[in-house]
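Following are the structures in question.
Below, chain A partners chain B and then partners chain C, in two separate complexes.
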Partner chain A sequence: MSSRAARTRSAATGWRRASIKASAGKYWAVFRTQLVNSLAYPMDLLGRSLLIVLFMWIFMNLWRVTYGSTGARSIAGLTLADTMWYLMMAEAVMLSKRELSDTITEQVKDGSVAYLLNKPFNFILYHFAAGLGDTILAFAGNLAIGSAVVWLMAGPPPGLAGWLLAAVAVVFAWLLDFCFSALIGLSAFVVEETNAFRWIYQKLLLVLGGLLIPLDFFPAWLQTVAFNLPFAWIIYGPARLFVDPSLTRLGAVLTQQAIWLAVFGCAVWLIYRWAVARLAVNGG
Partner chain B sequence: MPAVSVRNLRKTFQTKRKAAGLRGALAALFRPAFQTLDAVRGISFDMEEGELLGFIGPNGAGKSTTIKILTGILHPTSGEASVLGRVPWRQRQELAFQIGSVFGQRPQLWYHLPAIDTFYLFGKIYELDEADLRRRIALLAEAFEIEQLLETPVRKLSLGQRMRCEVAASLLHKPRILLLDEPSIGLDVVAKQRLRATIQRMNEIEGVGVLLTSHDAGDIEALCKRVIIINDGEIVYRDKVSTLRRRYLTVKHVDVRYNEQLSPDFSLPGVEMLKVGRFGAKMRFDARVTPVEPVIGALAAAGGLADVTVSEPTLEEVIGAIYARAEAENE
Partner chain C sequence: MIRHLPFLLALWKANLISAMEYRVSFLTQMVGMMLNNAFYFVFWIIFFDRFEQVQGWNLLDMFFLFGVVATGFGAGTYLFGNALRLSSLIAEGQLDYYLSLPRPVLLHALASRSNASSAGDFTYGLLSFAAAAVYSDSFSGLMLLRFLLASLAAVAVLISFLVLVQSLTFWIGNAPMLTQNAFNAIITFSLYPITLFDGTAKLLLFTLVPAAFIGALPAEFVRQFDLGQLAQICGGSAIFLSLAVFVFHRGLRRYESGNAIQVRT
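The block that comes next holds the complex of A and B.
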């Protein structure tokens, strides 16, 4: 619907309803504003990206020894360079995620959640748009610095296909991670402290998500477990696609992501609606 | 139809109670004790379209809870409310287009960005078209005298400047009702006056209704025609501000100085002498009991007047008296 038509109707009823275009425009504006906000402190942004240098250096030393001692050129189909580029992508995804669960928990605890509820937008989508604005910049920084380091230590990166396919999978990985963050954050409505859940989630990503070790190196039974859980499709999926791009693999990753998104997306939606209805704002 | 209508509104919060110390913490773990807090206990009131209504009360009286129910953020425990014909907690999003709100203790402007960035963001959120938004920003910037501030990061503004930007932001979408929760908190006298003047002007120009909560009687006195005083979740007083003055500001304090010496037993009928000196006196009387005219006449007749000051209690003192009376009635 054009904005003119929307306005005419609003004039007739005195009340308006958001058209899809106007709704999309809102979240786009939130995303852009957060982007600009994150750019307000370029040194901070750079500082956050330096951590990946340390991680890559440690991983390089670790895996150089491992590959050296086995004498094999590749383990489970991954060369040393593949492993390093895999870990770089995995860390870039992990390090650029905003601690959204923390933000939501704080907002629930100190009552400021209320002040995002009296605007004509959806609280959950608002956070997603704002989170994305922050994440994209951090991801770009991590990717640039991480790539430079790994290139120096382990050789040239995967081809263009790897970058493109990984980019698609990373967007869905963020969405899926957002669902987990939102669930942890919203649990603050019931339990007062959510640090434990956050800690567990991070460790699940570390081990079963493939952040520490590519899942291909696990014994078969553990691989089966990991592949049937959502965590692998946040970290392992995009990172593995990056070093071994193929449309078959992309299809498999996206299918898994779509299934888990449907499950956890619905959960977030239901819990959000339930939580808002029983909201007790602190500091009333 | 009134713009805001509230009937028997109640809000009860359940809070966990913990006794002090480790023992208390352990006890709460196994058998949590809840205590019920009645934040709002069955209040009813109306607000007309375009009205400036003051909502006043001490901290924890239930002012903010009421405002949060009216914006649709909180569901009441029982009772009814309608804002512009809508039930706020069921039609929160629709209502959001028609009401603006400022919560003095919760900034909505993005802290690290210039206010103009938040203004453009709000323009999108409230679905204003680009040209309308520009005109609106220009108009509000002039009214609030913030033209020079719009491009400065909000964190670098003074509290008074920031508050004017906050209120301007809440008016961008031309709301019919503005809910201001403690807008003057922490402001100095000059900043307060400036903010009040602007709110008043916007009310005159656009007819936006303002429901203002404050614990500062000065805000209400300067802005509102009608006031509701709330204490402990109940309405203890509601009437015109002018009536409040007339009814409660009847005690006059008089400070008088003479050019010649007074006799030490100087006194007037119906007037309580607080202090009598050699050249002057301080006294108090209730104008409902003792008419003003004979008192002033007698003062003039007593000798050559050098100076006379008649003062009334501040609205603050009056409200204090109303709270005290309400509490005495409860006991």
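The block that comes next holds the complex of A and C.
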């Protein structure tokens, strides 16, 4: 009896493993297809990466003048070179993000969501896999061009540790950003017009996320506010880790990202289930 | 231009009536854009709280700058909404409709669409100017006149620049990335103090990417009357406007029809 139960349990575990493997395979295929698709348009990729040149040049002018006017070699522990490399990583993360909320909103508005929901994959995970395929290439392009520009203007980049630790934090930053994008996109089930939410989210990343200015330059009370919100862990976390890498900082960044991922991941899941349940498809 | 004013007013009225059919969406976008701009401005409040001034520019200058740029951008892209998608109209052969009617093609095409979010930019610009005027304690009727003139000049240069860049579609085909990058460049540069940039960069901001005519120059003029600046603003607007009309019509000779002539009711 007990050996029969053990066999049944073992078969169930094996089936579950095979099922997870097959499921992961589907999303891997979606990711790979999007990656290849993006690679097919190298000029488009290059065009998307040109914007970082413009931003870095403006930032260099702004911060060179600002550091010059204070007369200090470093502000809040960051030299001019540190600030520029911080901003480069912050912009690379921001400019590489795919506007998934826009895609999801369009699919809800034009009804094509109905065609995706009956496919043998999860609507949310499908978008994440496709978005990641596009984002990784854009990130590589922005990083290469942005680094070249900042190196020329501000000097050599941080060491290898900075690149490696930031890379880990960037992956979790994308996951967290995806949760926000999905929530904004899913809000189309209720309000249809989601542009306003998207703009405000972007501006929250700009200011409270630390995209335009390192959060270390904020007054103390505002730093406390920013560090207790999720936006800082999408932009500031990876960018600060890049210029000041340490395992302690990595631990702190990943902990914050994990907490916010748990909160917003659950929110996406619940709202997705609710939205699909109330979806009414007429005709076909 | 004056003789086409009734036609333009009729188009703008039709656009407004159309937008009011979806007034919740219109208001959501308008308020959303105002909040969007306000959040962005928080950056400058934080920046100047810490550094007080940068090359002679302070927070008050930024209020004036945002006032002129947002009002100009909002008015321009609300009244001439197709200026943001002229490139695709040309590439997809959608100018046929405008070519078939006895009205100026460029003016008709540009004014046939309004952007709801631009109304938010416009309102934000007015509020920013009002805040600047109160904060500087220098409001006067003449300042209001200078603000109106500066905003009109900003509209003229912005729309001309967008038309110029997108008219390249007649020669090189659809180039959405070029349009997007040009648009981002002019908006980004116009929202920074011009004193950050040196000689060559400044020259570019008055010519190739004329952000100075949309932001810094008119904003400085609003703060204080200067005959030289007035001449630059008027001259710059006239030159860019003429150039845009000339280049668009030269390009129109190369236009390929999309067989999309139709009657709209």
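Keep this in mind: the second predicted complex is superposed on the first by the 262 of 284 C-alpha atoms of A that agree within 3 Å, B and C clash if a C-alpha of one lies under 4 Å from a C-alpha of the other, contacts with A are read in each partner's own complex, and residues count from 1 in each chain.
Throughout what follows, a residue touches a chain if its C-beta (ideal position, glycine included) is under 8 Å from a C-beta of that chain, and two chains touch if they have at least 3 such contacts.
Predicted model, so just to flag it, every value in this text is computed and none were measured.
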> Is A:P120 touching the first partner chain B, the second partner chain C, both, or neither of them?
Replying inline: first
> Taking the superposition as given, does A:R48 touch the first partner, chain B, the second, chain C, both, or neither?
Replying inline: second
>> Touch test for A:L164: chain B only (first), chain C only (second), both, or neither?
In response: neither
> In the superposed arrangement, does A:G25 touch chain B (first), chain C (second), both or neither?
Replying inline: first
>> Let me test your reading of the model: by the given contact rule, A:L152 touches which partner, first (chain B), second (chain C), both or neither?
In response: neither
> Touching A:K203 in the superposition: chain B (first), chain C (second), both, neither?
Replying inline: second
> For chain A, what residues appear in both contact lists, the one with chain B and the one with chain C?
Replying inline: none
>> Please output the residues of chain B touching chain A within their complex, sorted ascending.
In response: 13-14, 39, 64-65, 68, 71-75, 92-94, 96-99, 101, 103, 105-106, 108, 110, 112-113, 117-118, 120-121, 124-127, 129, 153
> In the complex formed with chain B, which residues of chain A make contact?
Replying inline: 3, 6-7, 15-18, 22, 25-26, 28-30, 33, 36-37, 40-41, 112, 114-115, 117-121, 277-281, 283-284
>> Going by the contact rule set out above, which residues of chain A touch chain C in the complex?
In response: 43-44, 47-48, 50-51, 54-55, 58, 61-62, 65-66, 69-70, 191-193, 195-197, 199-200, 202-204, 206-207, 212-213, 217-219, 222
> In their shared complex, at which residues does chain C touch chain A?
Replying inline: 24-25, 28-29, 31-33, 35-36, 39-40, 42-43, 46-47, 49-51, 53-55, 117, 177-178, 180-181, 184-185, 188-189, 192, 195-197, 201
